[in-house]
Every structure is written in C-alpha cells, then in structure tokens.
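Shared chain: chain A. Partners: chain B in the first complex, chain C in the second.
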Partner chain A sequence: MRRRVALAGAGLVAALALVTFPIWSSEWESSRYATTVLRDMLVLGILALSLDLLVGTTGLPSLGHAAFFGAGAYAAAIAAQRLANDNLLIGLLVAMVVAASLALVIGIFAVRAAGIFFLMLTLAFAQMVFALAFQAVDLTGGSNGFAGVQRPRLFGLDFSAPDALFELVAVTFVLVVLLLWRVRTSTYGRALVGIRENERRMRALGYDTTRLKLSAFVLAGAVAGIGGALSGWSLRFVSTNDVGIGRSVEAFVSVLIGGSGTLLGPAIGATVVLFIERVLSSSIPFAETVLGVLFIVFVTAARQGIVGLLATAYSRVRR
Partner chain B sequence: MTPEVAVQQALNGISFGALLFILAAGLSLIFGMMDVVNLAHGAFYMLGAYVALAVVQRTGQFWLALIVAPLAVGALGLVLEPLLLRRLRGRHLDQVLLTIGLSLVIVDVIGLVAGREIRSLPFPAGLDRSVPVLGGDYPVYRLFVIGFGILLAALFSYVHRRSQLGALIRAGVDDAPMLAALGVDIDRVFAATFGVGAALAAIAGVVAAPVFGVFPGMDVDALIYSLIVVVVGGLGTLSGAMAGGMLVGPADTFGKVLFPQFALALIFAIVAFVLLLRPTGLLGRVRITR
Partner chain C sequence: MIETRELRREFGGVRALDGVSVRIAPGERRAIIGPNGAGKTTFFNILTGELEPTSGQVLLAGEDVTGRPPHQLARRGIARMYQRNELFEPLRAIDNVALALGASLGPYRPFTAPPATTVSAAADLLDRVGLASRHDATARALSHGERRQLELALALAQRPRVLMLDEPTAGMSPAETAHIASLIASLERTLTIVIVEHDMDVVFRLADHITVLHEGRVLADGTPDAVRGDRTVNEVYLGKVVA
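Here is the complex of A and B:
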C-alpha cells in the first residue's frame, strides 16, 4: 500500500515536472530548443506507447504503425482546412476516427497472421497507405507535403504559441500513459497478455482471440492517430514521411530500445531515438548508423531494453 | 487501349514480373531454409545497384558489374550470418528484427559513401536500342530482363531438382534440424543460404538499375514488392516466387495504366483476396494467415 502511494506520488511529480518544463527551464540558454525537442520526443513517445500495446502487451509485432500516425496527422490537418474549423476536439476526434477505421480495415487481414507474418503484412499494407498519401495530391499535397497546418483552439484557449502547444502535447502524453496503464491492468489487458503468452490456450478458454487482437489493433491505431494529429500541429507540416516505413521503424526501435511490455519503456526509447536523430545528427553525419548499431546491440544482447536492464540492476542492488 | 499498347504493356508487365521473381527468389530461399524474413533484402538490392554503379563508372562494363555486385553483396551476407544472425538462432522474430537494424546501417553507409542524389546506370551497349514488336518499338533491354529471368528460373529449377546442392536445399527447407542431425554442417549451409539470398537481391538490383534508376529509397520499394510477391505466391518455394512475380508484375503494370488512381487498391485487393482464399499463398508451404 505504501509503495503504491509512493509510486503514485512519484508519477504525479514527474507529470507535473514534465508539463511545467517550459516554465522551469526558461532560465536555460537553450530552453526554446530543448522544449521543441522534448515536445517531439513526447509525440514519438505517444506513437511508441501505442505500438507497444501491440508489440509488448499483445505480442503482435507491427511494422506498419506509422500508417495510423500519418492518417491521424493528415486527417486533423485536412479537416481543419476543409471545415475551416480549428476546434481541438474536432481535430482529435477526426484523427482518431480516421486512424481507427484504417486500423480496422488493415487489421481484419493482418490479425489473421501471427509473428513474422503479421510483421510482413502490416509493413506491406502500411506501405500501400504511404503510396496512397503520395498519390492523393489534392488532399495531402503528395510529395510536397501538407504545409501550414492550422494549430487548434479550444474554448478560448489558443494553442498556436509554442509553449501552449507544448502543454497540449505534454498533457495528452500523460493522459495516454494513464489510459494505456488502465488498459494494461484491466481484465481486457490481461486477456491481451494471455494472447501473447499462449493464444491457443486463450482460445480454448473461450476467448475470441481474433476479435481481441483486432480491438487492440484498432485501439493502438486510434492512439497513434492522436499522436499524428499532435505531430501535425507541432511541426505545422505533415509529409509522406509521417506514414512511411521510416516512421514505423523509428517507433519500433523506440519500443525495443526502451523495453517492450513496460509502461514507460517505449517513451524512454523514443527520447533516445530522437536524441540520436535530432541532437547527435547535428554533430556526426552517420547518426542513422549509430541508431542501427544500437538497435542491433539491444536485439542481440539486451532484448529487455533500457527499462528491463534498469529493473535487473535495481533488483541486484536490493539483494 | 490499342492492341499495340496492350502488347507493350504486357511485355512491361512480364519483364517487371521477371525482375520480381529474381528479387523474391532470394527472400524466399532464406525464409525456406532459415525461417527468417530478411528485411535487409531491400538494402542488399540497393547495395547491388550501387556497387554496379561504381563498377560501371570505373570500367564502363555492365556485364562485369553484373558479376562483381552479387559476389560482393553475397560475400557480405556470408559474413553477416555467422557474425550476427547465428547468435539468435531459434529466435526467429529477433532475427527478423536484427535485419531491420542491418538495413538501417547498410542504407546509411551507402548514403555516406555514394551521396544521396538520384543516379542512373546506362543501358549496356547493344541493349540500349528498340526493336519493332507487333507494329510498335520496344526497348531491347526489357526483353533481355525477361530472357534473363527465364534463364535464372530454368537454372534454379535444374539445381533445385537435379543437383546435390538442390537436394540439400530441399532437405533443409523441409526440416533443417533433421538435416543437421544427419551430419550436415548446418552452420555452413545457413551462411551460404544467406549469402546466396543476398547475392540474388544484388542481381535484381543491378538488372533493375538501368530501368528504375539508383536512388535512396529504392530499398524500401524493393522490399515491399518482394514481400507482396512472396505473400501472394507463397513463402519458401521457388514456384511460389515465380507465380507471385508473374501475377504481381503484370497486375501492377496494367493497374497503373488502366486506372492509375486505384493501382494500389488492386494490389491490396490481390493480397487480401489470396490470403482469404489461400492462407499459404498460391504455391507456398507455410500458412501465412489462419
């Protein structure tokens, strides 16, 4: 009991520290830059967290998760433009619905496969979404991308200033963490873990595992769509990169480096990935190689990821 | 669509299909033997094209490039398998993930060494002309691709069915642990398989380069098409790669000509349809979906 209170307290402090980052970092020389990088880390973190509901919790290794991220990003941006409405809730709702519907269509086929085959199918289907975004120039801007995304408002709150937008991203991130924690600890979440551990037994116990997997796929897609909408608002730009295999790989690498099946591991992985791609890449030309090698090292030698390594180290110290 | 255009597009489709066959054969071979879907297959394809570019720039010899590139890329595969994949043997999903990392590194190193501009590889001398085919002009090189594909298919079929090596491959695809138990050095077989699979990707990269160009991102295109081909045709069999290539190549080509807006939907529909009706793909030996 005391441990749970302590954990909840620590979580609350961490969440508050995160949300108030622009305020307490304002003394720093590079506060603006740091806020921008942290914001993008949180956006990638949302994508990685939603992916881990599939990879870590359910045991479905999706390599096409950016399809739903990109779909959400385009949907929010296009809706704001076509409806001439910058309401935050409408943007989020459209992003979620479009991403979830797409996940439903792809998921119906993809969840029939398992393991390596699931990975192949999600990759192939997501690449078709990429090509679709590339071709639908009237809607998406094609290879030029969708520039000048309108940042949202809500009840007089204007999220167009950088700090306000950071707050929006940070609060959403915290809410997504809470949501996924709630899902994972629910009976539904336990059933998903059951599928990961032994799908055949779950079927024998009477669970409709196909439907459960599909629902997880759609839920993860919807959350990824929210991440996409935030990405579009952050950068004021959506491009085919946001639906491409590169983004999917980024998310997958984040999950594995951070630690799949852990609550915050994927988000920690996302900070590492974005640090390498954003900060390190400005000083060395081969940042992507560093990322690839790091990923190979984690897959071969530390499959449990950063959080797993820390947990092992902590339990050794305690003993 | 006039008859002349239809014939031209049919030839385009078949030559694309022949290319897809060469590409997918390597992926399918590695999967059949090792149960690993090599996601660095596109990177090997790209590396083959860039090695060919370097050879042609220095010597002007396309045919030399067609020999050097697969040898170089095959050697890389031969080294990478024992160095990395062997550590994860039995953990198939992790081996697949490992190849994602490989692909990131290979593509980035190519970009560092060769630059990130779009390049082109000239057609080999003698094949840069067009010949009249049924009232229209048709590029000879694409006919060469068709012939080359048929030649490789015949060669593979012969090796597969008649040779000692083919017997080894068939046994390994059927039951690799049993093959090892019978005293075959399975480590060497796996390393060789990965090397040959990589070399096949490189051959496809060289053959495709004069038609499609050499550019960053070509790895992803190749990987996706080869995955679609093996899913449609069936994983782990040579005939599956042939059937997949011959279905996807023409379907893609005609789809893009007849209804450009929906060409992708057509491929999506084919993949979905095949998976619903035949969970193993057309001629495969493992179930992709339940």
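Here is the complex of A and C:
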C-alpha cells in the first residue's frame, strides 16, 4: 500500500515536471530547442508505447506499426484542410477512427499468422499503405508531403503556439501512459499476456485468441493514430516518412532498447533513439551507426532493455 | 456425454485413426489405453478440437461439435490436462489459475482487474490440488510433479463437464503418481473423465470402463475386468506391460 502511494506520488511529480517543462526550462539558452526535441520524443514515445501493447504484452512483433501512425497523421491533416476542422477532439477522433479501421482490415489477415510470418505480413501491409500514400497525390501530396498542417483549437484554447502544442503533446502522452497502464493490469491485459505466454493453452481454456489479438491490434492502431495526429500538428507537415518502414523500425527499436513489456520502457527507448538521431548527430559523426550498435548490444546482451536492466540492478541492490 | 462416430484421421497417407466409434456416458471414467502409435493422442486432440477429423463425427451431449475450435469446445465444458505441460511460465501459480477462471467471465474488461472472488477461487483450487504453499511461485519455478498439479488445477478451474487427462502421471515419482491418482479419484462423480495413461495401476484404479486402441482401431471396449481377461488385448498390449 505504501509502495503504491509512493509510486503514484512519483508518477504525479514526473507528469507535472514533464508538462511544465517549457516553463521551468525557460531560463535555459536552448529551452526552445529542448522543448521541440522533447515534444518529438513524446510523439515517438506514444507510437512506441502503442506498439509495445502488441510486442511486449501480446507477443506480436509488428514491423508495420507506422501504417497506423501515418494514417492518423494524414487523417487529422486532411480533416483540418478539407473539412475545415480545427477542433482538437474531432481531429483526434478522425485520426483514431481511420487508424483503427485500417488496423482492423490489416489485422483480420495478420493476426492469423504468428512469429516471423506475422512480422512479414505487417511489413507487407504497411508497404502497401506507404505506396498508397505515395500515389494518392491529390489527397496526401505524394512525395512532396502534406505541408502547412493547421494546428487545432479546443474551447478557446489555441494550440498553434509552440509551448501550447507542447502542453497538448505532453498531456496526451501522460493520458496514453495511464490508459495503457490500466489496460495492461486489467483482466483484458492479463489475457493478452496469456496469449504471449501460451496461446494454445489460452484456446484450450476457452479464450477466442484470434479475436483477442485482433482487438489488441486495433487498440494499438488507434493509439498510434493519436501519435500520428500529434506528429502532424507538431511538425505542421506529414509525409510518406510517417507511414514508411523507417518510422516502423524507429518504433520497434525504441521498444527493444527501452524494454518491451515494461510499460514506460518503450517511451524511454524513444527518448534514447531521438537523442541519438537529433542531438548526438550534430556533435559526433556516424550517430546513426551508434544507434545501430546500441540496438545490437541490447538485442544480444540485454533483451530486457533499459528498464529491465534497471529493475535487475535495483533488486540486486535491495538484496 | 461424448460420442464419436467412425472417426478417421490421416496424416499424409498415414492412418492415425481408422474408424473409431465410442460412447462415453455422463459421469463415466473412461480410460483409453494402447501401445504407442495406437492413435490415443490423435483421438484426444480431435475431442478437444485441436485437430479436425478427416471424416466422422464428434457429439458432445448430443450436439454435433465436429471440427469446432478448442475455445468453443472449452466453453461447452471440455477441459484438458496436457501430456507436456502447457503453462504460463513466468506467471505465478495463482495467476495461472486466475487466467483459467477468467475465461468464463470474458476477457473484454480493459479497465478492471480480476475480481477478488476470482483470486480466492484460484487460491482454493491450488489448495485442493496440493499446491497450498506454492501460490506465489512462478510456474517455471515449480518441480515437475507440482507442474502436473498446476496443469490439473487449470483444467478444473474451467468447471468442466468433461475432463480430458493426457497421461496425468507422466514422468512422476511413485509418490507423486499416488498423490495425483487419489486427487483424480476424489473428483465429483458427476464429472465425466477421459484418461489416457500408460501406468496400468492407475488405469485399473480409476477407470470404470476401458477402451483399447490399436493401430487406429478399437481393439476392445468394456469393464476393466473384461478388458483384463481379453486375449487379444493381452497379446498386443497388456501382456507386455503387466506380465
């Protein structure tokens, strides 16, 4: 009980510190830049967290998760332009519904396969979505991308200023963490873990595992769609990069480096990945190679990721 | 309770089952015995839905359930204990059983943890199979005998009408075998039990009806005494084991 109160308190402090970052960092010389990078880390974090519902919780290694991120990004951007929508909630809803619908269609086929076949199917479907985004120039801008995405408003709040948009991203991130934490510890989340550990037994116990996996796929897709919408609003730009394999791999690497199945691990992984790609790359050469090496080290020597390593170290210290 | 009609199953030209018809009455304790390769496991996997028969029918309480997937048969009251343990390795024993109990409540509760009644029912079941002191141990950490007990607890958690036991005493010490055999013997008499077992002491202790399979066919079918006295059965199977 005391441990739970302490955890909740620490979580609250961390969430407050995160959301107020632009305020308490405003004295820094590079506050503006840091806020931008942190914002993008949180967006990638949302994508990685949603992917981990599949990879870490359910045991489904998807390599096409950017399809839903990109679908959400395009959906929110196109809704803003074509439907002249600047309502935040409608934008998010459109992004979620489009991403979830796409996940439903892809999932119906993908969840019937397991392991490497599931991975290849998700990759193949995502490449189809990529090709579609590339060719539907009228809608998506094709290879030029979709520029000038309009940032949303809600009840008189205007999210077009950089700090306001950061607040939006940070609050959404915190809500996504809370949502996924609740789902993971619920009856539903436990059933997903059961599938990861022994799908055959789950079926023998009376669980319709195909439907359960599909539901997780759709839920993960919807959350990825939220991340995509935030990405479009953040950069005021959506491109085929957002649906491409590069983004899928970025998310996957974030999950594995941070620690799959550890709730916050994927978000921490996203922080590391973007730190290397955006910050380190301006001060050292071959930053992408550093990322590659780091990935290999974690996959071969520390499968449990950063959070897993920390947890092991902590339990050793306590003992 | 369970009836099969002319079940056949082929694996690429090999006939694992070649027209097996059996009737198992409600509350009956039926043993399926026979040499290796007789088709026992195939028969089992068809009754639990993990395999589809090439032809023939499976009836559960009069309903044709041929070819239905495992989860649908589980919901109709069939539970099984696997020959090779199929557990949730990193989960605690009590969470293993809670998952089994949760199946009947339905998994689509994304915002609520399993109710306290599920947890206490899981604890009761673990006590009942003799794992009272091992609630918090992970499945992985249990000994072989304890893992078999947990297997049984998972099957019982489904509150089945038919309990299918695939070699419940496989790999167990004599003491563990005796323990699990008396556990099975102590189950409600209304529960229909189908058991595949190589330990003939266990078979003759538990079964009130025995079906002998040989090369995919029913070689003999009757009470334990009748089967023990059957000459062909002794020639192909019992003679080698019991003699």
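By our rule, the second predicted complex is superposed on the first by the 318 of 319 C-alpha atoms of A that agree within 3 Å, B and C clash if a C-alpha of one lies under 4 Å from a C-alpha of the other, contacts with A are read in each partner's own complex, and residues count from 1 in each chain.
The rule is simple: a residue touches a chain if its C-beta (ideal position, glycine included) is under 8 Å from a C-beta of that chain, and two chains touch if they have at least 3 such contacts.
All values derive from a computational prediction rather than experimental measurement.
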| item | value |
| --- | --- |
| Partner chain(s) touched by A:Glu288 [first = chain B, second = chain C, both, neither] | first |
| First, second, both or neither for A:Leu256, with chain B first and chain C second | first |
| Touched partner set for A:Asn198, first chain B, second chain C, both or neither | second |
| First, second, both or neither for A:Leu119, with chain B first and chain C second | first |
| Partner chain(s) touched by A:Leu230 [first = chain B, second = chain C, both, neither] | neither |
| First (chain B), second (chain C), both or neither touched by A:Tyr207 | second |
| Contacts of A:Ser215 with chain B and chain C, given as first, second, both or neither | second |
| Partner chain in contact with A:Thr187 - chain B first, chain C second, else both or neither | second |
| Chain B versus chain C, judged by how many residues of chain A each one touches | B |
| Contacts on chain A seen with chain B and repeated with chain C across the two complexes | none |
| Interfacial residue positions of chain B with respect to chain A in the complex | 35-37, 39, 84, 87-88, 92-94, 96-98, 100-105, 107-109, 111-112, 220, 223-224, 227-228, 231, 260-261, 264, 267-268, 271-272, 275-276, 279, 288-290 |
| Residue ranges of chain C touching chain A (in the complex, touch as defined) | 48, 50, 69-71, 74-75, 79-80, 82, 86-91, 95, 98-100, 102-105, 107-114, 154, 157-158 |
| Chain C contact footprint on chain A (complex, rising order) | 182-183, 185-191, 193-194, 197-198, 200-209, 212, 215, 219 |
| Residues of chain A that touch chain B when the two form their complex | 61, 63, 109, 112-117, 119-121, 123-125, 127-128, 131-132, 135, 210, 244-245, 249, 252-253, 256, 285-286, 288-289, 291-293, 295-296, 299-300, 303 |
